[in-house]
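Please go over the structures that come below.
Common to both upcoming complexes is chain A, partnered first by chain B, then by chain C.
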Partner chain A sequence: MIPAPIAPQLIAPQWLLAMAALPVAAINWHSFFFLLFAALACGFAVAVVAATNVVRMALYLVLSLAATAGLFLLAGAEFVGAMQLMIYVGGTLVLLVFGVMLTAQAPFVSIATSGGDRVMAGVVGLALLGALLLASLSVPAWRAPASGSLAEPAATPLGMAFVGVRVDGPAAGTPEAAVRPGYLLPFEIVSVHLLVVLVGAAYLARAKRRKTQRAIDVAASVEPPASVAEHAAIGRGQVGSGSVLSGGPVLTGGPR
Partner chain B sequence: MIGAFAASPLFGFLITEPVSVAHYLVVGAIMFTAGVACMATKRNALGVLMGIELVLNGANVNFVAFASPYLAGDGARSLGLDGQAIAVFVIVLAAAEAAVALAITLNFYNNHATVDVDRADDLKG
Partner chain C sequence: MVEFLTNTVGLSGLLAWTIAAIVSAVLVLNVIAGGALAFIWAERKVSARIQDRLGPTRTGGRFGWLQSVADGIKLLAKEDLMPEGADGLLFRLAPYVSFCASFCAFIALPFAFDVVGQRLNVAVFFVVAVLGLEVFGVILAGYASASKWSLFGAMREAAQVVSYEVPLGMCVVVPVMLAGSMDMVTIAEKQAGWFWNWYLFHDPFTFVVFWVYVTCAVASVNRAPFDLAEAESELVAGFHTEYSGLRWSYFFMAEYGSMFLVSAMAAVLFLGGWNGPIPLATLLGLSEGTGDTAPYAVRLLGLVNLVGKASLGVIIMMWIRWTLPRLRIDQVMTTCLKYCTPIAAVMFAGAMLWKITLPGGLMPGVGRPGGEIREGWLEGPGGRAAAKPVAEGEKLARANREVTP
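Let's look at the complex of A and B:
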């Protein structure tokens, strides 16, 4: 028995055949990897908007930001790409996932948006995208293909510039080079800013046991088991008349 | 859809020609727009935060593209080290902003038992 011939589309998809039609020597591998990372970054960025589950949104955001780090590396910005991976993907996203875990209980994981809001956002977003694309493609100098001459690695000049010494650009001794300060002052400002922000964030997020009337209402609407409701009623009776029903913030213990 | 794109002359042009600054600007524009749409449509406070991250990242792509000496065409001047320094500062500030925004969100969740931004109307007059 002769096996039926397999259609060529089943062996290799059409896009693979189309790529095979290109001579390998003609492929610009920088462009190839740019296309790969750009498609990943843009596709997952759109997926963040399309997803409704906040956990999936966080995952798509991780992938989009990681692909962007690849774009940075392709553009010759190694230090920025490494920072992107370490701070954004490694730090900020861990923070975000922690936020998701600390707040995402079943009713709040996916909060639906109304259809009218979606249509409105789509129209505004497409208009904004059109304007941005028009501006990006309208300058001939920006469309000139890359000359292909890669400069020396930028990590060392950037690191030196952050401590106030410029080792890039015009040769030392020329008048242009004499007045080129580094980024020491912005670096210090950002450092102090980061310290203050982290102290503030730790102060804001510290454990408190203060509840407003709304939180009490929401907690009550969940319908606890009868035994819990009994305990709550007993507790209210002990606190005194009106302390909960008066609507003000109620301290139920804790340092404040 | 992938097949039609791969067989098109546009794909052949994209994959054989060197990239330009405009390529990066298009990527930045798409990420920026996705971030703005994310901020506009999400009712979850963390979703809004993710939209902000996308917007900052799209701006960063533009800074890095303008800073790259490789992407600048013949005779064109690039931003040089300034663009990369700005990109690093933006990343650091985004981390700081995420920390504070997350602390505020956790506080809001502790007080209101929700992260729906439409419920944050206590200051409405």
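Let's look at the complex of A and C:
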């Protein structure tokens, strides 16, 4: 650093100094960005409901979720913010792919909600909003303005809590510490459960067909190369069917 | 920089912050844009040499080094077409979505010690998460174009990227586990010194994991042999069939930006980051660069080092692209699910066992700074002393709080 400060007017032009003199420090920038991200999240959430095109819905959903991730990052919870991006936004991607694949009968299919559905959705949504507002306002600790600096942006306590060292837990050596272990066991139970569900889904979705010797012979003799099969699929107008993802020939039961 | 602006130039806090943020953003933007120009030229030359041609030779002197600039001017002047049936909003938005995802990931990427847009505690995770968003722009482009070729390309890309995120994540976890941190600056600092301190040479498992990472990285940025999304022999040009002019070039900037990003990430995670094959800064008598007082030459050396490694990675990707034939989609999926994922999982377990059984490496005390680092997250004031069994939870927690003041 240069020890002696240079006179400001030597470097900064007049307009820059004028900008610097603005009372910007008076604004609470943390609140400003919070409100900005919150407004973005809410606005795009409404847009999801209002949109009629499934891909636009997905786009708005992604933007809304990304704004929520911005809220997490703003609060210093970088891990949760990145998690939000990874899981929800990435998950929306898969949702979008399946949405397009399963619903698209024509290009740009539009899903219009009927009036009754809108009313019901409004009632349910407002009820939920009211319940959440009541619940959150009834916690006295949340009503006081936040004091002190932001939370430490560290994923370390979370990771430590996973392996059994809880910063928020009771002191070591006390009997409570023995019965309040880390989050590892519940996490593992949940993940094994998910794995079982995945395997089960794959088993159920598996095509149950028995390949006879004749079918194999027929397939071997008439099997077109991958690109030909795909072109044929395009020619039949099956955009968005399963053949999009399977480059190779598909052994379906249809007439060949 | 904020300090400099407030103390020396005499600006108010907010203006200083804003200017600092703008300078950082513009610098990162130029890394992507300038990098894309350089890499597109390099791609032309590399592909030409591999195919026994000369490549561009005339534009701008002997090596045709102005070819990219000429291309850029041509793209600027091209008519911006949109198909009649396209979804206008999404069609216009898609290139920017792709580019923004690529750009955002650069924010957390450290170029040298403390030369980083925003040092994040979970930088590795953030980069992987944001990188996955790039495919969203591609899907939007493919869908909004109202063209079967585009839609095919987009769907292939979606299937591919979503699948390859799994082994990529597993590969990335291995250096994170070894360093005990998801902070990319910390991970690179743990590999300081000679090249045998790199995580690439940490143990046999990390060596294998690195090559799995390379495979997955190439696949996740859609480069050949994994470029099914734009397979020109089948799909005209895939997802960007209907694009032209500047919008088209945004996709390419995003692609080259992502290539540079995954290469830089490989450099940080496995190849020591800015810590060279030989510790040049230390040999030259400069300090190790672990504080604000470190001379700027150290940072400059580190910057050159990291950018060099990342560029080498990009050149290798080009080499792969012009050498290997494109895979079919079933081969792509086989590579991911039957090879990359199990190999990465086994190597992850192996690296973990290695770390537990041989914490000091095969030759304890050679090279590795600090020797045995088992609990990376316990370093700092009293960290080594606090590395006791888990029963002393409260003490650990206190040490934790001290680490990140």
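What we mean here is this: the second predicted complex is superposed on the first by the 129 of 256 C-alpha atoms of A that agree within 3 Å, B and C clash if a C-alpha of one lies under 4 Å from a C-alpha of the other, contacts with A are read in each partner's own complex, and residues count from 1 in each chain.
Basically, a residue touches a chain if its C-beta (ideal position, glycine included) is under 8 Å from a C-beta of that chain, and two chains touch if they have at least 3 such contacts.
Given the structure is predicted, the values throughout are model-derived calculations rather than measurements.
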{"item": "Chain B versus chain C as contact partner of A:Leu137, first or second or both or neither", "value": "first"}
{"item": "Touched partner set for A:Leu85, first chain B, second chain C, both or neither", "value": "second"}
{"item": "Chain B versus chain C as contact partner of A:Val94, first or second or both or neither", "value": "second"}
{"item": "Partner chain(s) touched by A:Arg56 [first = chain B, second = chain C, both, neither]", "value": "second"}
{"item": "First, second, both or neither for A:Val48, with chain B first and chain C second", "value": "first"}
{"item": "Which superposed partner A:Leu185 touches (first chain B, second chain C, both, neither)", "value": "neither"}
{"item": "Winner by number of chain A residues touched, once chain B and chain C are compared", "value": "B"}
{"item": "Intersection of chain A interface sets (partners chain B, chain C)", "value": "16, 19, 22, 79, 83, 96, 100, 108, 154, 157, 166, 169"}
{"item": "List of chain A residues in touch with chain B within their complex", "value": "13-16, 18-19, 22, 26-28, 30-32, 34-35, 38, 41-42, 45-46, 48-49, 54, 57-58, 61, 64-65, 68, 71-72, 75-77, 79-80, 83-84, 87-88, 91-92, 95-96, 98-100, 102-104, 108, 110-113, 117-118, 120-122, 124-126, 128-129, 132-133, 136-137, 139, 141-151, 154, 157-158, 161-162, 166, 168-169, 183, 186, 190, 193-194, 197-198, 200-202, 204-205, 208, 210-212, 214-215, 218-219"}
{"item": "Chain A partner contacts - residues on chain C that touch it in the complex", "value": "3-4, 7-15, 85, 87, 89-90, 93, 120-122, 125-126, 128-130, 132-133, 135-136, 139-140, 143-144, 146, 148, 151-152, 155-156, 158-159, 162, 165, 182, 228, 233-234, 328-330, 377, 390-397, 400-401, 403-404"}
{"item": "Partner chain A, residues of chain B touching it in the complex", "value": "2-3, 5-7, 11-12, 14-38, 40-44, 46-47, 49-51, 53-54, 57-58, 60-61, 64-65, 67-74, 76, 80-81, 84-85, 87-89, 91-100, 102-107, 109-116"}
{"item": "For the chain A and chain C complex, residues of the former touching the latter", "value": "1-2, 5-8, 11-12, 16, 19-22, 24-25, 29, 53, 55-56, 59, 62, 78-79, 81-83, 85-86, 89-90, 93-94, 96-97, 100-101, 107-108, 152-157, 159-160, 163-167, 169, 171-173, 177, 226-227, 230, 234, 239-240, 244-248"}
